[in-house]
Each structure stands twice: as structure tokens, then as C-alpha cells.
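Have a look at these structures, which come just after this line.
There are two complexes below, and they share subunit A, which is joined by subunit B in the first and by subunit C in the second.
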Partner chain A sequence: MPKLSNLSYKNQRILIIFLFSLIPVALLVTFSYLPVFKMFQYSFTSWDGLSKKMEYIGFDNYKTIFTKPEYFAVFKVSLYYFFATFVQMGLALYFATILSFNVRMKNWFKGILFFPTLLNGVAIGFIFLFFFKPEGTLNTILDLLGLGALQQKWLLNPQLINVSLAFASVWRYMGMNFIIFLGAISSIGSEIYEASDIDGANRWHQFRHIILPSIKRILQLNLILAVSGAIGVFEIPYVMTGGSNGSGTFVIQTVDVAFKYSKLGLASAMAVVLLGIVVLVTILQRILIKEET
Partner chain B sequence: MHTLKYNLAAFFKYLSLVLGALMALIPIVVVFFASLKTNAEYASTGPLTLPENWMNFANYSKAFVDGNMLLGFMNTIIIVLISIAGATFTGSMMAYILARFKFRGSKLLMGAFLLATLIPGVTTQVATFQIINALDLFNTRWAPILMYLGTDIIAVYIFMQFLDSISESLDESAMLDGASYWTIYWRIILPLLSPAIVTVIIVKGVNIYNDFYTPFLYMPKSSLQVVSTALFKFKGPYGSQWEVICAAIMIAIIPTLIAFVALQKYIYNGFAQGSVK
Partner chain C sequence: MNKTKAVTGLAALALMAGLFSGCTSGNNNATNAAATNAGGSTDTATEATAAPEGDAAKDIKGDITVITQRTDIVDTVFKEYAAKFNEKYPNIKVNFEALSNYEDQIKIRMSTNDYGDVLLLPTSIAIKDLPDFFEPLGKKSELEQQYTGLEERTVDGISYGIPITVNFSGVIYNKKVFQDAGVTEVPRTFDQFSAALKSIKEKTDAVPLYTNYASGWALTQWEADLATVAGDREYVNIGQVASDDNFVPGQPHYELYKVMYDAAKDGLIEEDPTTTDWESSKADLASGKIGTMMLGSWAIGQIKGLAANPDDVGFMPFPTNADKILVPLSDDYNLGISIHSKHKEAARAWVDWFINESGYPTVEGGGMSPVKGAELPEILKQFEGTDITFDTLAPAKAGEEGWVDAIDKEAEIGLWQPDFKKVIIEAAIGNRKQSYDDIMKELNDKWKAARAKIVSAK
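So, the complex of A and B:
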């Protein structure tokens, strides 16, 4: 067997660069770039996913998406989740800030607030199905607090269903934002706080002028993720409502159109529109960030 | 006056923390209560009522057997182990050549990985499905395994960050001893990367264990069910037996809880690093 060490370092280097990148690049091309390319191709066809030949129909699929309200409605559902992200980030930032300073039982609070993020998505769906049931947790708690008048059919009322689902989503992902913010805040040197203490700054000043500027980049990153996150919502509504009562999200609809109704071309066009939105928002973010610095 | 204001602030601080903690815990705790109740007890008591018998595990055994959870755990473990081992190797190899060698195309390669992170995985599922189909991998364990391997860029970043802190003079002194690049990677770099490997294992492990979308779409065959899909099957047929569903939820959560308590320190590090892409 030829030994690698018999080769010159120059040849070894070429060989190892080639060998080490072979599998990752093959996977990258197969599962990231090829699908995007194929998706564009399918989006101009009326392919059902099975038949041998694909019929090209130009922009018809795109026309369908933008003219039929039932296809465009899912974007409105995304708005609920998008706004929920701000609530989520606000809470995460608040808890991360107070837990960065001296607090009793700090590690317990950290652990409890973060734990939901680690849970199985299907389990969370069920947990909140139980939570929002007519005789479920939330209504029982309201009753206990003397707020029985506020009891609702949380998942049956079309006015409330997306708010309830977005709440479950906040519950699930708040811990993630929380731990990221906590990490970012902890990288601020303690001498900065000490100096500001001497200058007579209170907690709010410290938050406004020290913490907020230092974690600005992370905040912006989270904003980008919020957009794709809001469009990519799947598990919670799928497990809880199956997308009924006006709670269908973009991914639920794509899966239905593609795999239930075998309209692969249309589903691909929907995905292209979605990708377009995400790319647009990302570029916009980049431009805005550049202008500020 | 000053202390009064200070005490009031402290009071609200702790009040908000306690409320936050309750909000995080109550939805889970009530499921735990319900999982220990008998069917009659469940029907007659509210969700906040404590179970009469804390040792009533009948629902757990029913959920475990009826839901075929053992199979779910087996499939999950197989997929997690292979995916993580693969991701550790491919990720660290990629990071090694990108961090240590300056070669033509290294920037391009890095850029290609970066750009791929901008494409949300869910958007391309329809086309990815056709690729999996064409590769004859639909309804096999290899479909999710390959996808968990292929879409992973976070691992490369975590490894590259760590590699920057490993001095290159170590590589050079090994080269003076005549070590090949493979020996350097295998004997020096990989062992020194172990903290990063732990991080990658945790981040990937949590993601794979909790993923529902991929196994649901690519492995609908019931003999290939994982924990997520096994749990999902309780929807519908057990609609009137919430105490059994609750036990199934707890069965899916308990491994996470144990891992969390045991690995807490690493998990905090891992997520802080893994998420700042």
C-alpha cells in the first residue's frame, strides 16, 4: 500500500484538499444547489411529479399564486408569526438582561427559561393542544384567577387561532433567542459596567448605552432569521390544527399542494416566491446594516 | 426613599422571573399530571389537579407499547449516531482544509457553503424530494441521514472557529517529524477539536431528535418511524384518551430532560456558538 507520507507535501496537499472536500461538496451540490435549480425548472411546468414528460406552461403557476386569494392568504398567516417574533425577542432580551446581573437562583431561571427550546416539536404541538383545549390548562387557569369571563375556544375561533398558535411558537423559541442574547451580553467586559456605575448610570442607561449597542449585530441577525422563521412555520400548526380554520402556513400549503394534490409545478412556483422574499429581505438587511456602519 | 425604590425594582424583577418560569413550566407540568391519571380520574378532574397516585404508570406502558415507541427510539438512535459521526468527520475535514490551506478556490468554496445557508431548507423540499426519489432513497434511513449531513454548515463554522485557536506551529513541528497531513489531522487536530465536537454533537443531536418534517416526509413507512413520527401517530386514534397521549409526550421529553440536566454546561456553550452563524 502506498504511504501518504512518501508523497511530497505539495502533492499531499492537493490530494488531501481534494479528498477532504469531495463528500461535503457532493452533498452541498446535491442537497442545496441542485434542488434550487430543479425548483426553478419545475415552477414553469404543470408536472404532477409522476408522469414521464413535463409540460412547460410559462408563468401560469405564478399567475395562479398571485391572483387566487387562497394561495396568497398564507402570507397573511405568516404575519402573525412575524409579529410574534418581536414579542419573543423582546422577552428574550428582557430576561437575558436581568439574568446577566446578580440574581438569586440565576442558573435555575436560566435552565427553566431555556428548556422549552430543546423539546420535540410534535410534543410541543400536543402540549399546546392540551393547553388550549376548551377544558384545558389556559381556561382552567383563567377560571382560577377569577377571569372566567375571558375563557375562549382558542383553537376554534378563526379570530384567535393564529394568535394562539403564534403564542405556542413564542413559547417554543423564546429560550433560543434568550440563550443567544445571554451569550452576547456576557461577552461585554465587566469593567465597562463598573466605569458606568462610577459615572452614575442606572440599569436603564446601561441597557440603552452599553448592552444594546454591543448586541446590535446579533439583533439584526435574529431579524433576518425571523422572516425565514415566520414563513417556515410548520410543526406547531400542522400538529395542532392540520392547517384548518385559516391557520394554514406556507409550508403546510406547499406540502399539501405538492404531495396531496400532486401539483408539483405549482408548489415549486410557491417555493420560488418564498425564496424570493427571503433573499429580498436578506439583501435589504445587508444594505441597511452597511449604511449604518 | 432610595431603598424603597430599589426594593420595588427588585420585587418586579423577581416577579417577572417567577412568572416567566411558571409560563415555561406549567404547560409541561400539567401534561405530566395528566399522564399519571386514570381515565376516570382524567375525565373528572381539571388539568391543574394533582394525580391521586403518583406511581400510576399504566398510561406509560400503554403508550410505549401501543405507540411502538421502542422502535421509534431505535430508529432515532441509528439515524442520530450515523448523522453525527458523519457530520463530525465531513465538517472537521472541510474546516481543516479551509482553515489551514490557502488554495485557489478556497474562497469560492467558503462562499458556496455560506450562500447555501441563505436558502431555507423548507423552500426546496419539493425538489429535494425528487432527488431523494431518483437516488432510490425514499423510505430508507439514508434519506434523512444524507440530508442531515448535507445541509450542515454550522458544524464547519464551529470547527473553523476552534481551529483558529489551535496554533499552526503544532502542525509545523509534526511536519518536521515527517508526519503526513492525514496524520496531522487525525492525531493532532481531531483530538484537540474535542470541545468543538461535543458542541456539534449536542447541537446536531437536539436538531435531529426533534425534527419531524424530514422523517415524516421521507420515511412514511411505519417500520422506520422515529420518536417524532411515532408521537404524531397518537393524534386521532387517541383523541378521547388524552392521559395516554400525555404519557407519550412525556416519553418523548424525558430523554431530552436527562440529557439537558447531564450536559447543561456544554449545552449553554454549544448553543451560544452554534447559533451565531
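So, the complex of A and C:
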């Protein structure tokens, strides 16, 4: 019987590394690469998703997408989420900075801020549906505060609907940004703060000259993720409005094409296009940010 | 908007892609199964499983899984059904599975071989693909002696499903609200209907017409009234397909959704449609906070169940300017048997028993029984002897089956999807710049282009 110890140390190492990576790689291939490969394959067919017949139609699906402007019109909605990204990162950075100093009930606040990240996206959709109802939480609070004049039909007003949805999105994802920033800020040594205290720096100086330069990398990373996230917004508008009243996004449209109109081939092509856009934006951002530094 | 969001975005893609890939892997297997089955659909028809009667019933053994959409009664009424079923077929064990979002979930399940023994035929699967997934139940010409509504799920003369109930569609209204508003006569034409809604608005606190916009699917119920507006049982499957002008003024589609548009424009619908709630709307109609809702007969039972005085809940046909009033009868879901079932005889026994003996079609389904000669439901008896007729839709012409659906999908109009109905309401309440005619023109253009493509392809 072959024994592991019969092998040379180098081969043992290789074998063990191989065995340990087998499962994660298998999972990765099964659930990430294979589906993406299949998606590319379907994007060249006119398949309806169930039928046994799959007809290859070449680049027709891509032609359809790029010749019909209505498929791209929805990217306008992404702009709301793009701007909300900056609000979200600003808030996250603000809270992370404050809570990295000595504050009373620090952990309690951390818990509160991180909590929304733990909730299921569908649940959040429903919570905010009640929140934005005409007789819902938000309008009730405004009334109690004597701001009854500001009451709105948050999801009915076409000027407000995307702002409302982006707000829900900020509420949901801010905690994640916050925890990443907090982690990065915690890694700054306390002696640097002490030294700056002695030099007479106030909190703003510390933030401007110590914290910000130290977490620059993390800031960039979060920005890239946030922007590509803004392009692929899905959950919140899908659960709350189903993309109606002008709140539809590209991903919602893709899902509609696939499952409402049974055009899985076309939907796959749309998914490929979205993937391409995200990759492109990410690369662009990296180049631009590099130039700045 | 950040890491998770990006991950969600990618996950959504991966998920979809995953679904797709799931479909093919199942697809290959199913193709084989289909290949063996496709030896000629006429052959398979004669091999259709049929449950024996009498003593032989005791000999059928098996463990079958029945998949249903009725999450609300799966643990109560369905358990009782199973007990009664076992009196006749003691050796069949029936298991139930209820799916909350039936249509979407079953479609994904059907890409594998494991989708129960007895299930409802999803409406979104192309009719011509039915033989790949479902066991033939028999020749339509023979089954027709016993059941109505078979034509909706028949391929090449072979039936693959029997409707669990036959629905009729129209307006469900609260009689008390109508009375309070001083509307004594049931409105028949568009003008009378609109006048009735206006008096409800003026004289009562009720919402005249509740759209259930947020739920989405409730808006699709309007499409079922197309035949009433046309006043012609041939319009939906024959007239529509033959016409390039499906959405122009004067045509049924235009008139039908004009009712929706006008009601929304005149403020006769709920205050904020974007946050409506289906469950509470049923109770509100029952208690007189809502005047009317456009639904099918299946909803009547559910609404009556919530009413303090069930007699207040009434049904009337959709308004129309046609000469005669036609209330269209159409299938609810069809019940069929999976082609992968291991106990097809037992499954067939359940199908037959469920349709004929369980009482589901009229009691729980709330419509008419598909069994020929069965008694009319209570709520329809009031229409006996009036000029209101109940009739099924004429099937498409031979060779044109499924064209409505094919054109609809090609054009991405979504006759049975909420999208353009939502657009109509949004436009009516001033959220969009488009006028009603703009919307209809756009739909008609799409229809025309897609129709040309489908007709030339066939």
C-alpha cells in the first residue's frame, strides 16, 4: 500500500495542496465558470429556456441588443445608485472614523450600523415597502415631527421613486462599507495618533493626514466595487416595485426577458453585455486611479 | 453599490446562468426520454395510462407526489382529499407539495426529471413542447365526451391535461357599495360602468376600482375580459392573429384598457397604486372599502370567505358595447402527469378522482367543473335566462395554434404580463409623458412587426 511518507517532502506538499484545493476548485468550476461558459453558449441561441430544441443564431441576439435603444435606456436609473454610492461611502467613512476613536457605547453603535447587512434583501424590500407607503412609517414620522408638509408618496412620484429606492439601498449596504473602513482604520498604530496629539493635531487633522492616506487602497477598492454594483442593481427595486414606474434596471430587464418572455438566449446575451460593461468600468477605474497616485 | 452589491449583481448573473446550465444538463436526459416517446404521438395516445375502475382499483399500488399551487389548503383540504381517495384506492399513498410561486418554481424543476407525478401544466411552456414533459391522457376526441376545456392543452389531437376548474372572468363588486352609491342597475356598457364608478367616488368612501397595481399579476386578469369586449368568442385566438391592427381605436384591446386608463385618470382608483396589497384588498372588497376589482371567478370564494355578509359580493360581466354579452370561460391550470412518473397508473387514478369526485373544481376552485353536465355554481344561476352567455373561446385555426403566444413573446408585449398595464396606469396618473394613444400605438407597432415575422416563419 502506498504511503504518503514514502513520497518526497516536495511531492507530499504538492499532493496535499492538490487534495485541499480539489473541493473549492470543483465548487468554483461548477457554480461559477461552467454557468458563465454556458451563458456565453446560450447567448448565441434562440432558446426559450425549456424546449428541447436549441437553435444557434450567431450574433443575432447581440445585434438586437445594440440596435434597440430601449435596452440601454435603463442605465439612466443606475445613475441614481451611482450617486448614492458616494453618499453611502461618505457616511460609512464618517461613522468608521468616529467609532475608531473612544466613544461611549462604541460596540453598540457598531452593531446597529452593521445590522442591515445581515438581513435578507427580500426582507429589506418588504420593510421599506411599508416604510414608504402613504400611511407608512416615513410619513408618520414626518407628521410627528411637525414636518407634515414634506409628506410624499415616495414610490408613486416618478421624481422620487429612484431616490427612495437608492436610499433603501444605502441603508442596506452602508454597514458593509463601514465595517471594511473600520477594519482598515483599526490597523493604524495608536502611537501615530499619540505623536500627532503631541504635535497639536485635532481630530480633523488626524483624519485628513493620518487616516485618509492610510486607507486609500481600501477606499479605492470600495469605490470600484460600489460602481460596478451600481451598474448591476437588482434586488431592492425588484422586490419593492418589480421595476415598474420607471425604476427598472438592466438586470431586472434581463430577468424579465428571460422569464416573462421566455427568451433565454437574448437574456444570456444581455448578461454577457452587462458582464462586459462591469469589466470595462473596473479596468477604466483602475487605470484612472493609478494615474492619480 | 459596494462589495455585496457587486457580488449580488454577479450572483444574479451566475444564478441565471446556473439556471440555464441546470436546464441543459436535465435537457440531455430529457431529450432521450422524449426521443423514445416521440416515436409517434398517435402511438403514445393509445398507450395513455387509464385508471381501472371497481375492484381493480384496489390493485393499483404506488407512492405519488402531487404538486399544487394551493399553499393555503395543502395541509387541510388536500389531506381530506387524500383520505377520501384512499377509501377507493387503499394502496396508493399520496404526498403533497405546495409551491408558493408555482409558475416560476415548477419551470425550474422541470429542467430536471424530478417534478412529481401529478402536477399542473405551467402556462408559460410552449404548447408544442408539452409531449416532452407530460404523459398523454388520451385522444381529445374521446376525452371530449367527458370533459370541456381540453382544447387549451392539446397537441396533435392528444390531450395532456384536464382543467382543474373552468373560470369565468369579469368584475367582482360589492353590492352594498353599489347600493350606497345609488347604482341600482348592473352597468352593462362602458358609459354605464364609468358612471357607476363616478357615483361610488362621489357618494361613498369606497375606492371605486382597485387595480392591485403593485402585485402585478392582478393586472393581467384584465386580459381575460378581451372576449367580452369583443363580444365574439373567435376574437382572441382567430381574429387577433389575423389582424395587424390589434391596438388601434375601436379594437377590443384599445377599448378594454381604455377603461383602466380612464378610471386611473379620473382618480377612480386607489390613492397610491404603487403600494397596494393583494391580501388586504380581498378583505377591503368584502367589507365595502372597495367597489370593484377585475378578477376571475376563482377569487369569489376567497373574497366571500372574508366577508361578514357574503351575499354582498357579486359578479358581473366586464362592460362592453358589443351586441351580446359574452362571459368567456377559460381553463384554470390543467392537471397532468409527469412523463418521468414511476407510478403512472396511480397518478392517473388521482387525476381522474380529483377532477370528478373531489369537488375541487366548484368548491375550492370556485369556477365551473370541467366535467360535462355538472351543475352550475351558485353565483351563475342568477344569469340563467338573461341575455348573458357563457362560452369557451374558439380554438385557433388548424396550423395557427400558439400564434398569439408566439407573436406576443416575439414582440415583448406581454398580453398576460403586467408591464404595459402598469405603463397605462402610470401614464394615466401623470407619471409618464405618453398619452393613451401613444402607448397603444407603440404596442400596435410591436404587434405588427412581430406578427409579420411569425406569419412568414410558419
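The working rule: the second predicted complex is superposed on the first by the 253 of 293 C-alpha atoms of A that agree within 3 Å, B and C clash if a C-alpha of one lies under 4 Å from a C-alpha of the other, contacts with A are read in each partner's own complex, and residues count from 1 in each chain.
Please note the rule applied: a contact is a pair of C-beta atoms (placed from the backbone, for glycine too) under 8 Å apart; a residue touches a chain by one contact, two chains touch by 3 or more.
Owing to the predicted nature of the structure, the values given are computational and were not obtained by experimental measurement.
**Q** In the three-chain superposition, say which chain, subunit B or subunit C, touches more residues of subunit A.
**A** Answer, by number of touched residues of subunit A: B.
**Q** Which holds for A:L119: it touches subunit B only (first), subunit C only (second), both, or neither?
**A** Touch partner of A:L119: subunit B, not subunit C.
**Q** Who does A:I215 touch here: subunit B (first), subunit C (second), both, or neither?
**A** Touch status of A:I215: no partner.
**Q** Once chain A of both complexes is superposed, is A:G246 in touch with subunit B (first), subunit C (second), both, or neither?
**A** After superposing on A, A:G246 lies in contact with subunit C but is clear of subunit B.
**Q** Quick check on the superposed pair: does A:W171 touch subunit B, subunit C, both, or neither? Answer first, second, both or neither.
**A** First partner only.
**Q** A:F131 in the overlay: touching subunit B, subunit C, both, or neither? Say first, second, both or neither.
**A** After superposing on A, A:F131 lies in contact with subunit B but is clear of subunit C.
**Q** Contact-wise, after the overlay, does A:I16 reach subunit B, subunit C, both or neither (first, second, both, neither)?
**A** After superposing on A, A:I16 lies in contact with subunit B but is clear of subunit C.
**Q** With both complexes superposed on chain A, which partner does A:A84 reach: first (subunit B), second (subunit C), both or neither?
**A** Second partner only.
**Q** What is the contact status of A:L274 with respect to subunit B (first) and subunit C (second): first, second, both, or neither?
**A** both
**Q** Please work out whether A:I141 is in contact with subunit B alone, subunit C alone, both, or neither, and reply first, second, both or neither.
**A** A:I141 sits against subunit B, while subunit C stays out of touch.
**Q** Taking the two structures together, which residues of subunit A meet both subunit B and subunit C?
**A** Common to the two interfaces on subunit A: residues 31-32, 34-36, 38-39, 42, 49, 121, 136, 176, 180, 228, 231-232, 234-235, 251, 254-255, 258-259, 264, 267-268, 271, 274-275, 278.
**Q** Going by the contact rule set out above, which residues of subunit A touch subunit C in the complex?
**A** Listed in rising order, the residues are 31-32, 34-36, 38-39, 42, 48-52, 81, 84-85, 88-89, 117, 121, 129, 132-134, 136, 153, 155-158, 161, 169-170, 173, 176-177, 180, 222, 225-226, 228-235, 241-242, 244-246, 251, 254-264, 267-268, 271, 274-275, 278.
**Q** Using the touch definition from the top, list the residues of subunit C that touch subunit A in their complex.
**A** 1-6, 8-10, 12-14, 16-18, 20-21, 23-24, 27, 30-31, 34, 104, 107, 110-111, 124-126, 129, 132-133, 213-214, 216, 271-275, 409, 412, 414, 417-419, 422, 426, 429, 431-432
**Q** Using the touch definition from the top, list the residues of subunit A that touch subunit B in their complex.
**A** For subunit A paired with subunit B, touching residues are 3-5, 7, 9, 12-13, 16-17, 20-21, 23-25, 27-28, 30-39, 42, 49, 91, 94-95, 98-99, 103-104, 108-116, 118-123, 126-128, 130-131, 135-137, 140-141, 144, 171, 175-176, 179-180, 182-184, 203, 218, 221, 228, 231-232, 234-235, 239, 251, 254-255, 258-259, 264, 267-268, 271-272, 274-275, 278-279, 282.
**Q** Name, in rising order, each residue of subunit B that touches subunit A in their complex.
**A** Within the complex, subunit B touches subunit A at residues 9, 13-14, 16-17, 20-21, 23-28, 30-31, 34, 46-48, 90-91, 93-94, 96-97, 101, 103, 109, 112-113, 116, 118-120, 122-131, 146-147, 149-151, 156, 175, 178-183, 185, 206, 209-213, 217, 227-229, 231-232, 234-235, 242, 245-246, 248-249, 252-253, 256-257, 260, 264, 267-268, 271-273, 275-277.
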